[in-house]
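The first chain written gets the first letter, and so on, giving A, B, C and D; residue counts start at 1 in each chain.
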Amino acid sequence: VDLDRAQEVIAKARAEADRIGVPMTVAVVDAGGHLVAFARMDGVAFLTNEIAIAKAYTAAGARTATSNLEQALAAASHIVIGLATASGGRFLVIGGGAPIRDGDEVVGAVGASGGSAEQDQQVADAAAS
Amino acid sequence: VDLDRAQEVIAKARAEADRIGVPMTVAVVDAGGHLVAFARMDGVAFLTNEIAIAKAYTAAGARTATSNLEQALAAASHIVIGLATASGGRFLVIGGGAPIRDGDEVVGAVGASGGSAEQDQQVADAAAS
Amino acid sequence: VDLDRAQEVIAKARAEADRIGVPMTVAVVDAGGHLVAFARMDGVAFLTNEIAIAKAYTAAGARTATSNLEQALAAASHIVIGLATASGGRFLVIGGGAPIRDGDEVVGAVGASGGSAEQDQQVADAAAS
Amino acid sequence: VDLDRAQEVIAKARAEADRIGVPMTVAVVDAGGHLVAFARMDGVAFLTNEIAIAKAYTAAGARTATSNLEQALAAASHIVIGLATASGGRFLVIGGGAPIRDGDEVVGAVGASGGSAEQDQQVADAAAS
């Protein structure tokens, strides 16, 4: 993703967050998991920063929505602990991360944090679409 | 800084970076040193990410331009090692970080990375003004 | 394992991954758990990197397949947390790691990541045999 | 870089290392700094692993040879300490890392370790060419 596309994703995320009335922190990373654009909406707690960035990193690195990983690994804390530690804390399996695609290719990902896992995923999906 | 102000700071940084012809990564943090907005301009290497964020963190935490710290600490590597380690790598004394003020109060900071330390500081100063 | 043997293990892993139609990342470590050879097949997500390396490290360090550890520790998250943290994230109990033996002696290990834990173990076993 | 290209780079590095009689560890990363292929030649100490990987990461992230960074930062230990810590140890300014280009675009990087910084850079340059 270039910066224009990344900022478009953030604008979409903010619009969806506004629509459902839940302010959020939104992070957009490139295909390598590196931050391209970021916005924390007013009043959102700063602990959401690392969460949004980790969700985006995870969605880019696994090329799937983090809600899928959350379901798949819900009963496997031995795996989650291992992966979280192996990745230096960047692997995070909570809903709210979605890959950004250009056709079939994953060109980046967006992570949202501030609401419930379901709300975060909804905003990320709307932003990535 | 709220998100509107942070994005204004980023817009100013981009304008100054464009003016001098050096694309940059720009990070804006609040008074607590936590990221509020971020933009990596097209073509800028990803190693600038952590640098821009660390410069902003350092300028907010020390309430002064990082170019001042760079001069003050250039010969004091024992201090730099201690602070870099104590802060988990977020303390970085290279020009390119500037506090954002509201009157006398430091309300956040901006960090820029992509050019020389002098160019980065110039962009950060223009953005924070 | 020397580099020739390690690359032979990787070639076998790739052949088995191709056979079952699941591209993978494969890591081979020596008896000390240190990387000797590595290959990420085209299209495999980068989050598999740390997973494959950690599985190989764990199989070399425990001298058994990681699928055995996964079963043994599935209900013991207090142990998994401790070992993951103590090892800096290199201890990972998911199927996909297998020791490489020279007679009875463990001379290294291979880790595979990209499919299910069962598929990963199948590829690692085929590669280590 | 895809895996074929990465293995070609490793083969070239091994050939150059053989030619000068200095066995090395060689790492190839993609544009995002993530490992694609790796080989540690027989008899090379395992501490070269993290060095080769960090050189490749740094050359990909900065889009320049690490020998250039080594010269530029030789008198600036306050900066090197800060960047090493900020990057979690992945920023390493020793000769031996070279970007891999596809025309003008940086598509990855190679890191070599095992000889002097000059020898490592020579091998990396030969491999990346």
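Convention: a contact is a pair of C-beta atoms (placed from the backbone, for glycine too) under 8 Å apart; a residue touches a chain by one contact, two chains touch by 3 or more.
None of the values given here were measured: they were computed from a predicted structure.
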Maximum centroid distance from chain B, chain identifier (CA atoms): C
Rotation, 0 to 180 degrees and nearest 5, that superposes chain C on copy chain D via CA atoms: 180
Distance from the mean Cα position of chain B to that of chain A, given in whole angstrom: 25
Where chain A and chain C are represented by their mean Cα positions, the distance between them in whole Å: 28
Separation of mean Cα positions, chain C and chain B [Å, integer]: 41
Shared interface positions of chain B, touching two or more other chains: 46
Chain contact graph, described as a line, ring, star, complete graph or other shape: other
Partner chain C, residues of chain D touching it in the complex: 2-3, 6-7, 30, 32, 34-42, 46, 49
Residues of chain A that touch chain C when the two form their complex: 32-33, 58, 60-63, 76-79, 81-88, 91
Contact footprint of chain D on chain A as seen in their complex: 30-34, 88
Of all residues in chain C, those that touch chain A in their complex: 45-47, 50-51, 54, 70, 73-74, 76-77, 80-81, 84-85, 88-94
